[in-house]
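One chain, chain A, appears in both complexes that follow, with chain B as partner in the first and chain C in the second.
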Partner chain A sequence: MFPRPIQQASPAAQWLYTIALPVALVIWLFPLLGVALTSLRPASDLAQGNYFGMPSGIAWENYVYIFTETPIGQYMLNSLWVTIPTVIGAVGLSLMTGFALAVYGFKGNILVFFLFVAGNFVPFQILMVPVRDLTLQLGMYDTWYGLALFHIAFQTGFCTLFMRNFIKALPFELIEAARVEGVTEWRIFWYIVLPLMRPAIAALSVLVFTFIWNDFFWATVLTQGVDSQPITAGLSSLNGQWIAQWHLVSAGSIVAALPPVLMFFLMQKHFIAGLTLGAVK
Partner chain B sequence: MAQAVSRTPSRWNQRTLAPWLFLAPGMFMFTVYVLWPICSSLLLSLYDWDGLYNREGQFTGTFVGLANYRELMIDPAFETSLWNNLKWLVLYMLALPIGLLIAVFLNQTVTGIRLYKSLFFFPFVISQVVVGLMFAWFYAPRFGLFYLLTEAITGDGTAILADPDLVTYGIIAAGLWPQIAYVMILYLTGLNNVAPDQIEAARLDGAKGWKMLWYVILPQLRPATFIAVIVTVIGALRSFDLVSIMTSGGPFGSSRVLSYYMFEMALGEFGFRMGYGAAIAVVLFAIMMVFISGFIWKMWRDESAR
Partner chain C sequence: MTASAPDFRTRLQDWLPKLVLAPSFAVTILFVYGFIAFTVVLSFTGSKMLPRFDFVGFDNYARLFALPAWHTAIANIAIFATLYITICTAIGLMLAIFLDQKIRGEGVLRPIYLYPMALSFIVTGTAWKWFLDPGIGLQQVMRLWGWETFTFTWIKDADYALYVIVIAAVWQTSGFVMAMFLAGLRGIDNEMLKAAQIDGASNWQLYRRIVIPMLRPAFLSAFVILFHLAIKSYDLVIALTGGGPGRATEMPATFMYSYTFTRNQMGIGASSAVIMLMTIAAIMVPYLYAELKERK
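Our next item is the complex of A and B:
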């Protein structure tokens, strides 16, 4: 193990390490802590310039206000409406493409695979005008499904990379054996490979959920109104209205950040497996 | 066991056809929403188009050849964006050493360390919109902590987001926060898998500290470093969200980057210059292609080595 375990160090060093950990954490998360505290500060404190001193009270009403007086609840629902179909769609499609690319040695296999991988890395801007135009033409501008369809297609690239590598690592003898028994290809996919894919499905689901929930660019390009804008775009437009009302901006930020944070805490192991692209095992 | 592998024509056909059937839905979506738009943008960058169609539903753009690109060459805003992109690329690379440092710091087995690792990773899970707002608060003039800090040190507070010379650095610092967290997690996973016997052997040979890190650990972390470089480059070139949230490209357009300038040109208040926007996107795409090709090349080498 590197570095040398702290337990082997001198008591003074161990003591120092125990202190350094929480101190470093507080410094590291300072912007987050500051915003979390500001979100609970009464507006009157901010008006009097009391930004960092003792708050005069805990103002849950900031949260009540953003949920009752602004459409933030609607924005959150819109986000869910985009995020959940995208997770299902992208994971479903990439299970199939990943299976095809991992199991069959057809001509052009590697080319198709690299197309998916490369497409995943392109800057969004090169897609922006045509995708927006297409969405308009299909009458899906400013709808959750217009946004979700694009996300499904784009995320399929990343998911295919992951699924294909995951299936490649499965024992191929399983598939060979099934073929000898005369099992059809579709049933091999459904009854043999799919049950083994659970960890990969979990990892990609949490990752895609986070990516899509946090997407801002496409939300801005493909949606407009309160009825379909996801939370990221919604928060940005609310920020424009709440000029310098930091207690509200902070509360909105915390609310917007909560779902992916919860997802991460609940599914930590899978999340990290996904992020390392399965390449760093 | 006499039936062996039955290679009757129908089975054979099934196995040639199956991969394409499995690929079809995914490839269809990917072609419609990713591959075709790339070609379409390349073509569109040769047109002057306001994004509209006439009453018969016909495309109204006019072919202008390379005029958009010629205009880019003399466009000062484009030059600023390009320079800023370079700053982003170079400074974003700081995420690698800092991420490694934090990973080494956290790679211990004391009680509660798992929680510490997750909390350090936190910034990456949060939306960049929220990160941008958090840093805007941190930088805010008069009361922001950064402002107060500079005021205490120099006697004169710096409103970093209002200063054309510093604004880009301020945004990059905000972007580095989640990026460092990502790199840290890559290295933590990598450190977990460093071969313990090699470390022990190196220790017996008297290697420790920085020497150990440089000559023994880092070579073993190469896969992690590779992915870290790739995701950091992509992160740097995708820097749209933070610029949009924190400054909208200002003050006076000094914090624009290509991704944001493109959006401004195509959909912003300056009018719908789709062709010109597409030309900016093509430049960004070309820059990214350098890195994508590197990645693909490395993957291809690994694949053929198998």
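Our next item is the complex of A and C:
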């Protein structure tokens, strides 16, 4: 049996194990749990220096405050407006490009694929000035669709890589057999390949959702005001206003983190499969 | 008419893959490669607040490398990238091997190590900023628990603030590296390991001589991914230290942003972006070339 079950290891190793695992767990969970606890602490506790002791009460009012007194709700909506079209657009486009690159061996196939994949690793800084200029000229600066459009453009490379590798791993005989039967190419795509792609679509959607939701760089470059800033950029500017009001900063962080973290825990299997399949990212 | 109809259909079928690819391909060529070319051109011009096209040769590069701030940024990214990649790989491998021991509760542990990947760097930055703030975080807890002299002020200390960014970045990504190694470990042929075990190899020897060498592809992709994440790191620095104290945690990415938009030195900003791109390309292009050639 390999690896040997831990029960057969030396006592010292077992000891190390029983200590190391909980310690690691605490380190991994502590920062976020700490923030979550602080977000529910009344402001008076913090003023008295009670950061880690028993809270004097559970202060839901921190959350009520950030939703009523700050535009955080609007920021969340803006994030959704950017994220959902990007997921649909990038996954839809890459299904087609991935299929084309995986199934047809035309001239230049590898070169096109290389260009898609390499584009993925480009530091965004080098695209920043022209992207900003173009959005300004097109009148799309500070709009959700300007941001979503460029997200789609920059995610296509990664998504294509992902889909192409997934389709490559499908049994090619299925497609061959259908061709012999005289099934047209787009029907092969629609009726044979697409149904098999469901897990890939799920995995990629989860991944792209978290990437875009968490994007900060393009959000600061392409948006400015409350009407269009997504939550990451919005939270960053709110943090600037809430100096030392850690109960508010924490509540804001939890709200911003909730959608992708929930998504992660609900779709965990897909998320992990996606990360390791798209490991070239 | 009837004879040409199937012809047209066959031709359409031949063209289908290219038609399908065309929009995405055009977008990538224009928005990625075209825009890279645009920035490269900008880096040779005297652009200040807005793009201008008066060519100044290598002036911007000469000025860039004469700037102490750029030297700080380069020194910082070198330290940051080295520590980040090494520690992430070490912790990721260790966690993967630990989780691979057929332990109970793997299903619970794995997502806990991995969930930081789903967080925004802004949130990670805030969480660690709070946790490491001397007045309220770790230091305060230790003192409350009776360790009166415990001091941990790295985040406020120009000499150590960079290491705080390393800690937060490692926390965020080592779960991901773990997942990659775990996938690699699960892919190793068990027969060979059993044979070695029957021959009396110890666990340590198994890992050193067989498992770790067989994980080479996982090491390579982990390195490539971490390397490009390190060069791109921007959000975390902004959220955690904002490049400070002073300029202690300035990185090429923050340097580029502030020179282009805050200081209106677009030419210099563009040249720093070109240097960043070239650094990544030096690692990426040979790697991708080798990968694609193999897979073909």
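Rule of thumb we're sticking to: the second predicted complex is superposed on the first by the 257 of 281 C-alpha atoms of A that agree within 3 Å, B and C clash if a C-alpha of one lies under 4 Å from a C-alpha of the other, contacts with A are read in each partner's own complex, and residues count from 1 in each chain.
The definition used in the following text is that contacts are C-beta pairs under 8 Å (C-beta built on N, C-alpha and C of every residue); 3 or more make two chains touch, one makes a residue touch a chain.
Remember, it's a predicted structure, so these values are computed and weren't measured experimentally.
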Is the arrangement of chain B and chain C around the shared chain A a clash or a fit after superposition? clash
Looking at A:180, would you say it contacts chain B, chain C, both, or neither? Reply first, second, both or neither. first
Touching A:18 in the superposition: chain B (first), chain C (second), both, neither? first
Determine, under the contact definition given at the top, whether A:156 touches first (chain B), second (chain C), both, or neither. both
In the superposed arrangement, which partner chain does A:93 touch: chain B (first), chain C (second), both, or neither? both
If we overlay the two complexes on their shared chain A, which of chain B and chain C does A:27 touch? Say first, second, both or neither. second
Quick one: is A:121 in contact with chain B, with chain C, with both, or with neither? Answer first, second, both or neither. both
Given the touch rule stated above, what does A:194 touch, chain B (first), chain C (second), both, or neither? neither
Could you look at A:58 and tell me whether it touches chain B, chain C, both or neither (first, second, both, neither)? neither
Shared contact residues on chain A - chain B and chain C: 1-6, 17, 20-21, 24-25, 28-32, 34-35, 38, 49, 51-52, 93-94, 96-97, 99-101, 103-104, 106, 110, 112, 114-119, 121-131, 133, 150, 152-154, 156-157, 160, 184-186, 210, 213-214, 216-217, 232, 235-236, 239, 246, 249-250, 253, 256-257, 260-261, 263-265, 268, 272, 275-276, 279-281
In the complex, the residues of chain C that touch chain A are 9, 13, 16-18, 20-21, 23-25, 27-29, 31-36, 38-39, 42, 51, 95, 98, 100-103, 109-124, 126-128, 130-131, 136-137, 140-141, 144, 171, 175-176, 179-180, 183, 190, 193-194, 197, 203, 206, 221, 224-225, 228, 231-232, 234-235, 238-239, 252-253, 256-257, 260, 266, 269-270, 272-274, 276-277, 280, 284-285, 288-289, 291-292, 296
What residues on chain A touch chain C, complex-wise? 1-6, 9, 17, 20-21, 24-25, 27-32, 34-35, 38, 46, 49, 51-53, 93-94, 96-97, 99-101, 103-104, 106, 110, 112-119, 121-131, 133, 150, 152-154, 156-157, 160, 184-186, 210, 213-214, 216-217, 232, 235-236, 239, 246, 249-250, 253, 256-257, 260-261, 263-265, 268, 271-272, 275-276, 279-281
Chain A-touching residues of chain B, taken from the complex the two chains share: 4-6, 14-16, 18-20, 22-23, 25-27, 29-30, 32-38, 40-41, 44, 51, 102, 104-105, 107-110, 113, 116, 118-123, 125-131, 133-135, 137-138, 140, 143, 145, 177, 182, 185-186, 189-191, 193-194, 196, 199, 208, 212-213, 216-217, 223-224, 226-227, 230, 234, 237-238, 240-241, 244-245, 258-259, 262-263, 266-267, 274, 277-278, 280-282, 284-285, 288, 291-292, 295-296, 299-300, 303
Touching residues on chain A, where the partner in the complex is chain B: 1-7, 17-18, 20-21, 24-25, 28-32, 34-35, 38, 49, 51-52, 93-94, 96-97, 99-101, 103-104, 106, 109-110, 112, 114-119, 121-134, 149-150, 152-154, 156-157, 160, 179-180, 182, 184-186, 189, 210, 213-214, 216-217, 220-221, 231-232, 235-236, 239, 244, 246, 249-250, 253, 256-257, 260-261, 263-265, 268, 272, 275-277, 279-281
